[in-house]
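Once you scroll down, you'll see the structures, which are given as structure tokens.
Presented sequentially are two complexes of subunit A, the first with subunit B as partner and the second with subunit C.
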Partner chain A sequence: MDEIKNVSLEMKDYIASSGAETLSWCMQCGLCTNLCPWRLVPGEVSENFNIRKMQRLGQLGLEGFEEENILFACVTCGMCQINCPRKVEIIDNVRSMRNTTVGAGFLPPHLRPIAGSLHANGNPWSGEREKRAAWQNGLDIPAFTEDTEYLLFVCCTSCYDTRSKKIATSIVRLLKAAGVNFGVLTAEENCCGESIRKLGDEELFQKLAQGNIDLFKRKGVKKIITTSPHCLYAFKKDYPELGGEFEVMHYSEVLAQLVKEGKLSFPQELARKVTFHDPCYLGRHNQVFDPPRELIQSIPGVEFVELDRSRNKSLCCAGGGGRIWAEVPMGERFGELRITGAVEKQADTLVTACPYCIIMLDDACAGLEKGDVLQVMEMSELLCTALDTK
Partner chain B sequence: MDKKTAVYICTGCGIGESLDTEALVKVATKEGKVPVCKTHGFFCGPEGLAQIKNDIENEGVNSVVIAACSSRVNYDVFDFGPAVLTERANIREQVTWTHKANDEDTQMMAEDNLRMSLAKIKHVEPLEPFQGENMVKTVLVVGGGLTGITAALEAAKTGYKTVLVEKNQALGGWLNGLHRLAPRKAPYTMPEEVDIADKIKELSLYPDLKVYTGAEIEEIAGAPGMFDVSIRQDSGISTERVGSVILATGAVPYDATKLQHLGYGKFANVITAQKLEELAGQGKIVRPGDGKEVQSIAFIQCAGSRDPEHLPYCSAVCCVESLKQATYLKEQNPEASVYIFYKDLRAPGEYERLYKKVQQDGAIFVRGDITGIDEDDEKNLIVRAQDVLTLSEISTESVDMVVLATGMVPTTAFGENPEAQTETESGDKAPAGEVILKSNLLNLAYRQGPELPTLKYGFSDSNFICFPYETRRTGIYAAGSVRAPMDEASSAEDAAGAAMKAIQCMELSDQGSAVHPRVWDLSFPEFAMQRCTQCKRCTVECPFGAINEDEKANPLPNPTRCRRCGVCMGACPERIISFKNYSVPMIGSMIKAIEVPDEDEEKPRILVFACENDAYPAVDMAGINGLRYNSWVRIIPVRCLGSINLVWIADTLSNGIDGILLLGCKHGDDYQCHFVKGSELAEYRLSKVSETLDRLSLESDRVRMEEVSIVDYDKIPAILDSFAERLEELGPNPYKGF
Partner chain C sequence: MNIVVCVKQTFDTEAKIVFDSQGRIDPNGVNLIVNPYDEFALEEGIRLKEKFGGTVTAVSMGGARAQEALRTALAMGADKALLVSDPALNDADEWVSTQALAQAISKIPYDIILAGRVAIDDGSSQVCVRLAEELHLPSVSTVVKFSVEGNKATAVREIDGGTETLEIELPVVLTAQKGINGNEPRYPSVAGIMKAKKKELKTMTLADLGLAALEPKMKISKYDLPTPRQAGKKVPGEPAAAAQELVKLLHEEAKVL
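Entry: the complex of A and B
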């Protein structure tokens, strides 16, 4: 303890006014820090990032939280938040603290291209706006009209990323197979803005969101199916603040209901041992746990096994909160723990239902060279393989 | 009394299968020469009981020995009224259930237990309850704050006459100085109006409740049921006779002038929590010096508390009081900044909701030690502290006012120390003499001092586990913050508890019965005064101040003050103190009744004096749980280890018994002794006996004392067996056979 640090009530109030309304509720018990997935890995970020202390610095308006390894470390998995005895909205606090620097123009260098692309192209992947719907070529996907029941909103990742496009096409195939009345507005959509809001760029988020809300309203959208749990979160939790009220569902919820109603079935038997990684934004944040499990288990021949950390206790893939764009050395990636966990359960297929999770888990599986024993699949892909009898 | 003794040997509960009951019958009839001895498989059942009752009604049996289960069970079943003496020989829990069946040593044990009971009943005489003169059932409450008023109301509501004495002109005490009370009802987030005036008004509803204000206790003389109280009011003295007393004089804040390190007395705007209540009561909170409206404030918790330099203890309420005071400022100005510096924030139970509210309203809580307080040119204050939560020293923005949350000091902690001048003898490890300060609260006319014995911080002493309200002066009950630091709700609860105890005491004293923990014991100590040598040990060692002294230094017992522990009996070197059913010769004859085999039989004998309160039940529980221990032990229950007279040690060893084990309660700061000082005194006395043993070339290891609590039953076998092993190393008692 060298120099005396001066409490700044002005700074504290500034953070609070940016959305950290529950910052002062924190009693510093430290449960958050102990539940944080960063405790499960070694390395520099793990050593520097302590979510309890970060909140403390915010409470006193003290300097020290702006350092990149601290301010941008949180993956917003929500493990701490759902367990907080004081019900502190920890993720809002993180977002607000990020906003104090990002709002002033100090985005970390590796995130600048992301924000730039969002500004220019409406997606974080530097994809040209005109090519947003290119993946749909030849798929015969109807455009959304006033007579369409559902808008299918496809995550930017699955619009541009080659691997991820498979997710979009699989979901389209499943919806068609079940006879769902859906259409797309892909070419005119923006990124949902979920991740950039978590990164603290409130202004950019509002711009993206407002564009989408205006579009949806103009086209008469009432119900939305999302391919990504992150878009689900944005539409359900963020958009209502800006006047965008829609009935939003993740594709897994829609499909599970259709299976129950007998409108969708999987005749092809698959001899696989499958386990499921709960995406944080589908599970903890939106409390959707059963539909994916019901879908997987409706495939004949599939043996389903749970991971040790599942449902509300699921371990993050490390792709949330803007961490999808972070460089993390091997050995410090949460995804590796998921792969190891699935291999320990002797599963041959690790299924998840989020384009971010797929990127992170594919990466980890390749890094650990476990591709020969474990296949990482998006749920829609698994379901498609069971759609037709061979 | 002419006794016709009958022995009933029960063969139920496995006794008949494990023991030779015919041999036991012979012990009773041949050795004990009792005229009636019967066996039955179920003496506690209707048929068995009918046999005993028939013998009592038709055969003239007036003293009964039941050789069966422990005296701790079926005591109601085997109660044949006050005219019939009943004694129990424990051959179930401590013999059959803990030792090998049909074994010679088990049989010897059972026979010895029967012999001891037969020896004991010879000495027991029927009890004649003590009757005091002009006993009354009036409760005196000293102190008219929340606790005192509540206690008086509780006593009056049950129909007992009550006298309430308050030193100040106005009733209400500490609450009169409060602006608001901490929340006591849902949602527990907002302070409440001080409602003491309603309670004061309620006092007038009871015609038998007499209130003295502006009055002090001049003297309390006498004993439970018969206390004579002199009350000084204005210049006159009134007298009242009362049955029991509740001390509810409360506590006062710690002297803040000792807290200069926190700026008190140095900076004008460092004030006490008490002062803030006063300021809040006057309307807008402004600084006393310059009238500046307070917009920012820092509370410092544990100001002079939990601090070895000041009060080492926690005062239990200051955290909640500061939280409450934080709401005063937030109510005045929601934008006001509030800092609370603390060591550990203690807001137990529903107070957590108040803590949460203050947090949610934006107060800044800082955990850590204060490193400095400075004043700026405008008399604002800057507080520096170690923030353990960021591991850094932090400094606040300047605040208008600093409030010190000072702790509580009980009113019993003040007053002249009468022993301050006397030199203490060095080299003697005697238990530290009791210091009783002249606090001018009760002014007891007791030989042992004018107030209640206190613990090291000045709070009145009580067995906090079992009997929190009981003090070490029978019939006097402490309640509220004079007993322990506590909040309003606990004080009111304490008041009700103490009122109930005060009433119980008066009723039991009226019946000639002991109070806790020997309720319904009608025995009391009698002194063979012609043999007294005025050594004063009984008057000094009685933990309850029961014995006064006349002008010739003779002890003057007060039976209603007595708890019947027998510490006086254990203390008396002349052995002149006896109960009708518990005496030095009685235990002596039980010791002599034990058959001690010759050295070559290699059957050592160990005598265990087991405290009836915890140790004896623990030994029973070992039996109930089927544990095993050596069969050399013979167990004599004692009322308290403090009642053990050293002559029993000599009796035992001269009888050839190889070792003596004292099993009793924990002593020290966290004592569990039901009679507070008994086990401590026993250990002290034992240290004296070791010297004697060494002189007789008997190893002092032959006498051992062990602390057990009632839950330690599982340790009983190890305690008994390890002592047996040690005695085996020492070899047989050389006095065996003499």
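Entry: the complex of A and C
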């Protein structure tokens, strides 16, 4: 039996004051824990992390939630939150509980270089600020001016990571092919701050966000296209709190509309069996389900098949909530379940629309040695292969 | 047992160093952390207190922001904190820092004074050794193992190519190597963080310490950034010919073969 601990009203108040406003709504039904993707894998984190129990410890002001395997385990996929019968803002509670230690200057050691790089370089990948726009060399991407309709905001990951840069260049190619009036401010941008906010570093988030909001306002930005669903989330749901109100869309929404209007088409036939992994931050968090499906199915020759867990029930890749920087042993990665699921459907291509998902799914596919039967692709890359190459 | 741990607030290891218009290091917008070696010293100090009882006092010198470093120390488990802060200390050299810290620490009871073996910013490794001198105490630097029995302590320190074991009578000044006694700096509990907000954090100026403004014995005349690393060289051509060319370059240009 667990040792008896003292309930601390003071600690409960401290947690609530960090923003966990709906903590007391929880009635401990346990639906959250049963829907949690951690139940689908074995291992140390899975054995230690129980989201219902974590809420309970917070409600009672009991110690024990601060252990790294518990406090930093949640992937913020939102599966529990959208199904919670009491509408508890579970992710806000997790974020606030993290803030009680992170706000006092204690980030787990493996996350310190991430925060350090965000402070110093404005991105989490230790990339030099001066090189943020280096991937654009030779691509002839217009700078955003007051006459530009859309700002294209490119995720840090796709500015610095070699694999991920292909996503950025593919999206640029598609927007150009469709004649979208867009421009970039990449060199002056900060990380959107979505993940560091989920990790509980509110102060750092606000610094990053304020920098972007000031930049967008100064340049007269009204509409933003994001390459990543995480930036989409930050701009739509976090930035309005700080006075940053913009019309924000994920690139899949923009492109799907253009296909409908006949301004973009994919003449190249692709004989592929494609399935789609809904990124949590595109699907569950932003309710964008149809546009990616419409786009994929507008490619002639493509046979589309759904994964067993799709749309609102999609299974997280495990890259959200700062877990993109966590070391997780093989056999405990959610991405492996996604790869296995896609292979079972006999798909030859697993498509997703998020740079984090790509990292996690690529890793899992390589780890399971399924690269010979399944190709992981970002949706923009698949769409580019179907563009007329004339 | 009374333990004093000297804690310095330093630039984040990821911080980018830029100079202001006067050629001085510009601290604006830079994230600050507790010097990582001092975290090991803190961990050791707290463990000694847990074993022998007593008080851990964290002492720092710096501007108002250095209070954050001391709050961190308090959250980890230090009992009290003292910040020596005075605009007159802005250009302090190691001698000035030592005078101020020695004066502050001399008013606190101590058996063991701990600090990290080096601060990762200026890397001088001088202040604690000077402090021992000023307080007429023995000092052992770069300690990897440490134990206390009664009034005696045994310290193992790194020396070139090996270790040296020393016996010292308390009080003593020690500087901690990374991983001293095999421990990692602790991650505090939320309760610890909450308690830290109520613990005593005193700030003292030079006047409070009974000191007049101190004239540094050393002045920094200039800072320079390291020369940027040169880009790599690619040897083009057919593999066999390129390999020959590479060997030639390694031999004649790089002189490593």
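Quick note on the criterion: the second predicted complex is superposed on the first by the 384 of 390 C-alpha atoms of A that agree within 3 Å, B and C clash if a C-alpha of one lies under 4 Å from a C-alpha of the other, contacts with A are read in each partner's own complex, and residues count from 1 in each chain.
Following the convention adopted for this analysis, contacts are C-beta pairs under 8 Å (C-beta built on N, C-alpha and C of every residue); 3 or more make two chains touch, one makes a residue touch a chain.
Note that the coordinates shown come from a computational prediction; the quantities given were computed from them, not determined experimentally.
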Report task. Using the overlay on subunit A, decide if subunit B and subunit C clash or can fit next to each other. Result -> fit
Requested in this report: Would you sort A:S126 into first (subunit B), second (subunit C), both or neither based on which partner it touches?
Outcome: second
Query raised in the report: What is the contact status of A:E68 with respect to subunit B (first) and subunit C (second): first, second, both, or neither?
Result: second
Report task. Pick one for A:R56: touches subunit B only (first), subunit C only (second), both, or neither. Result -> first
Query - Partner chain(s) touched by A:L139 [first = subunit B, second = subunit C, both, neither] - result: neither
Requested in this report: Would you sort A:G116 into first (subunit B), second (subunit C), both or neither based on which partner it touches?
Outcome: second
Query - Touched partner set for A:Y14, first subunit B, second subunit C, both or neither - result: second
Requested in this report: Based on the superposed arrangement, let me know which partner A:V373 touches: subunit B (first), subunit C (second), both, or neither?
Outcome: neither
Query - For subunit A as apex, the angle formed with subunit B and subunit C - C-alpha centres, to the nearest 10 degrees - result: 110
Query raised in the report: A:R86 contacts which: subunit B (first), subunit C (second), both, neither?
Result: first
Requested in this report: State the minimum pairwise Cα distance, in Å, between subunit B and subunit C in the overlaid complexes.
Outcome: 15
Requested in this report: Would you please give the residues of subunit A that touch subunit B in one complex and also touch subunit C in the other complex?
Outcome: 8
Report task. Spell out the part of subunit A that touches subunit C in their complex, as residue ranges. Result -> 8, 10-11, 14-15, 63, 65-66, 68, 100-101, 104-106, 108, 112-113, 115-117, 119-121, 126, 129
Report summary line: subunit B contacts subunit A in the complex at 337, 345, 355-356, 359-367, 384, 386-387, 389-397
Query - Touching residues (chain side subunit C, partner subunit A) in the complex - result: 12-16, 29-31, 33-34, 68, 71-72, 75, 187-191, 193-194, 196
**Report entry** Contact footprint of subunit B on subunit A as seen in their complex
**Finding:** 1, 3-9, 12, 16, 22, 24-28, 52-53, 56-57, 59-60, 62, 64, 86
